[in-house]
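Pasting a structure below so you can have a look.
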Amino acid sequence: MFNQLFGNIWLVTLASGAVIMGFLTVNALFLVWLERKLSARFQRRLGPTEVGFAGTLQTLADAVKLLGKQLITPRNADKPLYHLAPVIVFMPVVVGVSLFPIDRQLMFVDLNVGLVLVFAFAGIGFIGIFMAGWGSNNKYALLGAMRAVAQNIAYEIPLILSALSVTLLARSMKLSAIVEAQSTLPYLLFQPLGAAIYLIGAVAETNRAPFDIPEAESELVAGFHSEYSGMRFAVFFLAEYSNMAIVSMVATTLFLGGYHGPWLPGYVWFFIKVYGLISLMMWFRWTFPRLRFDQLMSFAWTVLVPLSLANLMGTAVVLKVFRR
Amino acid sequence: MPTRAKAGAVSERQHSKLGDAPLPETYHLNMGPQHPSMHGVLRLVLHLDGERILDVDPVIGYAHRAHEKMAEHRNYLMFLPNTSRVDYLSGMIYNLAYCQAVEKMLEIEVPERAEYIRVICSELNRISSHLLWFGTFLLDIGGITPFLYAFDDREQILEILDRVTGSRLTYCYGRFGGLTEDVDTTFLDQTRAFVKRLRERLPEYHALVTGNVIFRGRCEGVGVIDQHVALAYGVTGPCLRAAGIAFDVRRAEPYGIYDRFEFDIPTEQSGDALARYKVRVAEIEQSLRIIEQAVAQIPDGPIMPDKPKKRFKPAAGELYFAVESARGQFGIYIVSDGSEIPFRIKLRTPSFSNLAAMPAVLPQTTIADTIAIVGSIDVVIPEIDR
Amino acid sequence: MSGDAKISAVLETLLAAKLVQQDEQGVGYAKSGMHHELLCPAEAIRAAATVYREAGFFLEMVTCLDLRETARRMRLVYTFNRLGPAERHRLFVDLAEVKPFEPSPNVKSNATPATDPPALPQCAPSISSVYPAADWFEREIFDMFGVQFSEHPNLKRLLLPEDADFHALLRDFGRVEDADQGEGGRGV
Amino acid sequence: MAVRTTPPLSEAEEARLMKEAEPLISFHLLDDLINRARANSLWPLTFGLACCAIEMMAAGASRFDLDRFGAGVFRPSARQADVMIFAGTISKKMGPVIRALWDQMPAPKWAIAMGGCTIDGGPFKYPNQYAIYEGADQLVPVDVYIPGCPPRPEALIAGILKLRDKIKAGHRFEEQQDA
């Protein structure tokens, strides 16, 4: 779309980047507000009410405050790693968002290997988390980072395996093609098991409760970002909520038919599905207690990985037998 | 911390239970005194191999407020406000226990009505303490919403007690011989309404928490305090009953008028965190039963003796008086030298002994289990430190 | 075995082995909350504790009394109880005073020791090998009274900061009468 | 030795000097914005000392809900907290820990002394006491004092609102009092 507006590739890149950054910021502000409001409703409270209408400006106030906070670098920190970590955590998110077809004609980049790229960039974020944990020179942060990496490796496998069975159905890794293939029925109906595995894996990938062990507040203080203050901490927050949006976008694209839907315009459907999924993840968080680390790992390796493998094999066999 | 905190740092600890040789790949983790799960200011120095705990050294005293020294400086009446601040979660029980101990020393008769009110208030206080424990325990293992539900119900109790005692937490309701204020019918109505309300709410608690797979996974078989450990460390209260010993001071040496009420002593056999959870939730139900009976039977009459004493000067002697607080056996040991000021008051607090058992329970668990176990023990730090 | 029989069995064992002697001052359960009050020589406390442990008693409390002002001695108080109907035994162990007592000039001591007490042991053996519960109780007593326990595995301060240079519950520490009652002093 | 005095300024001269002293670029608006943001986003440190901590928890829970004022985000790490609520008695053993925690918090930071113990030792204050610091102000500068033993949750909310007003007023606090 932008290609038609501007001829220059650099201008296009800059403009796209600005739009995505703007979207991510507003998205995070909105999601934090939504989470606080939703959790309040689950808990017989009101949530933010004072700043702006129904507290809508509360998260903006938080963000501005964090901007004006002192940035502390611990004396014994590994400074390059410590400073780079928030950037490494956040950058892949920006790339990730640019890959999704928001509407039939609304898409920043359309690549043949879009799906692969999404997962590849999602993996980079965890390097940032480990850098944060190691660089902080804090035992809690290090424990959190180690948990994060172990968890990421364990849950990325079922996540990708369940996504693979969708690519078998769609015969493409191009995200726009996958969405187009669901113009009549979403893949959720053909891949219910895959969708369930994906959802569980996605919650784990975003470090959300009940899989929030890398930053388990009651165990590891604040986990890998224990030592980060001010804006650096805000970037981690921003990345967490952006990651929630990204995994929901992947799920929407792979299983819920992307922008397809009756009556309403495509991008409205897309965002309804994305934010619906995010709300579901928030509901999880405010309902379940947290798993223990070894339970989390054994759940991934003994339940999710075999199940997703079986799902992939089953899909392949069924397709081989019945298609054409 | 002069050196890098790497997981590979070699331990220098000499007192390790695993022998004196330093272990490779182990390190120390300092948990507390400011840590979200240390219930205030408990500090645990954990000796870890990865996330596995090899040894634990609880460090206490961060909330030491010198109650026992203060007792040597004030007369019997002036020590009264201190008692509810020893364990602020069951302040009513502590406050009344001290009153009963001094009454026993001075041989003061307490009117019937005051005894009934004492039972009702104590049991309400016990429920509020258990509800708070329920919330914070779930918070420790990552469930945030049950915490708010429990606090919501707890506020009802605080409202009832606030109305008669004038305080939400640190009650000073008892006096030697009775109580400060009489209760009215509104109090009894509110109490009845609360019993009804909590009866309706308990199934919701079970639906949200007790049956949850994750919750069970976190608690089952975790932190087993068996009968042997309990006996060796003097563990009392719900932690002891979860190990299958039906020991409750209200039955073992009945005080006040507890021998008039019907109630069961809930026990579990497994001694793990889940058993402690079940025992406490069952105790809430038993406390509701006691409250119901007391509200039904409460007589009219005075709440203080006809001629209350003005000066409290017990004869020289010693007394040990025990009650069942929300956490276990709370004992007061008073030594009098015949003057108006106690020679010594020793407070035997249940969490002190319960927490002392941690070095026997925690090794070979993980950090996450530590949080669950300490949470399930239900410690109140100022009560340990006094 | 019924409760009474159990008690008498414990008592017989203790008295027969000359671990304890009945304290003539005992006033009974109704008055003091104690079923039995026993005097125990310091060197016998561990053996006595073992008897209690084997009879299924638990260690309820250990504390200390600073009797230097009146009797020139420290007195340890051990309380054993059963996890059942109450059967409380109190054992007293007398020790030498930790440091000589100097009455404050502001205080008129109404009781002065008539004679020097018989020679008492300086410290008691730790019973934490019998009852692990005693570990913390003994550390607290060391912390608050300065009383030493021999063969304690880890005798260091429990409640006060490790660099504290006083024993808080000694009677002559922090007397209110000694305090400057001027500005800020509220008096009691 | 004679004291040299400067001649009094004329009114016009004074006005001219005052005008010259005004900053070239005014950041009032920005200051105001950031102060408002700070005032409305006071994240307390998850940190309880004793009895008052229970009332602090109650203030965060359903009935009172500190989150309404943006102060319900209890951060367990000192690096991310804005305000330290002293909820309970500060023992001598805890004092150095509190200093360390306070130093770990990033500026700007505030302190609320909740309850009698943190004001002057409260019920645990008596001559020759050895166990506690008699007041949080012996350790850190305190912005708001909330009396009570313990203060009710409403009192804590009132204290936080007081702190909010204090921050909102920013550097021009005195000016406002004059007006």
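First chain written, first letter: the chains are A, B, C and D, and each begins at residue 1.
Just so it is clear, contacts are C-beta pairs under 8 Å (C-beta built on N, C-alpha and C of every residue); 3 or more make two chains touch, one makes a residue touch a chain.
What you are looking at is a predicted structure, and each value in this text was computed from that prediction instead of being measured.
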How short can a chain-to-chain path be from chain A to chain C, counted in steps between touching chains?
2
Once you count every C-beta pair in contact for both, which comes out on top, B-D or C-D?
B-D
In terms of CA centroids, furthest away from chain B sits chain A
Distance-wise, how many Å sit between the C-alpha centres of chain B and chain D, to the nearest whole number?
33
Chain C and chain D have mean C-alpha positions lying a whole-number Å distance apart equal to 47
Distance from chain B to chain A - Cα centre to Cα centre, in angstrom
43
Chain centres from averaged Cα atoms put chain B and chain C apart, in whole Å, by 25
Residues in chain B with touches to at least two other chains are numbered 35-36, 61, 64, 66, 69, 73-74, 148-149, 152, 385
Tell me, which residues of chain A touch at least two other chains?
43-45, 217, 221
Junction residues of chain C, two or more chains touched
159-161, 168, 174, 176, 188
For each chain, which other chains does it touch, given as pairs?
A-B, A-D, B-C, B-D, C-D
Using the touch rule from the top, collect the residues of chain C that touch chain B in their complex.
27, 31-34, 56, 58-61, 63, 65-66, 70, 77, 79, 83-86, 88, 90, 131-133, 135-136, 144, 154, 157-161, 168-169, 171, 174, 176, 188
How about chain B: which of its residues touch chain D in the complex?
33-36, 40-41, 61-66, 69-70, 73-74, 81-82, 85, 88-89, 132, 136, 147-149, 151-152, 154-155, 158, 168-170, 381-382, 385
Residue set of chain A touching chain B in the complex reads 39, 42-45, 76, 137-140, 142-143, 146, 209-210, 212-213, 216-221, 285-295
Complex interface listing, chain D residues touching chain A
33-34, 36-38, 40-41, 61-62, 65, 67-70, 73, 75-77, 79-80, 82, 104, 106-108
Chain D to chain C touching residues, read off their complex:
92-93, 125-131
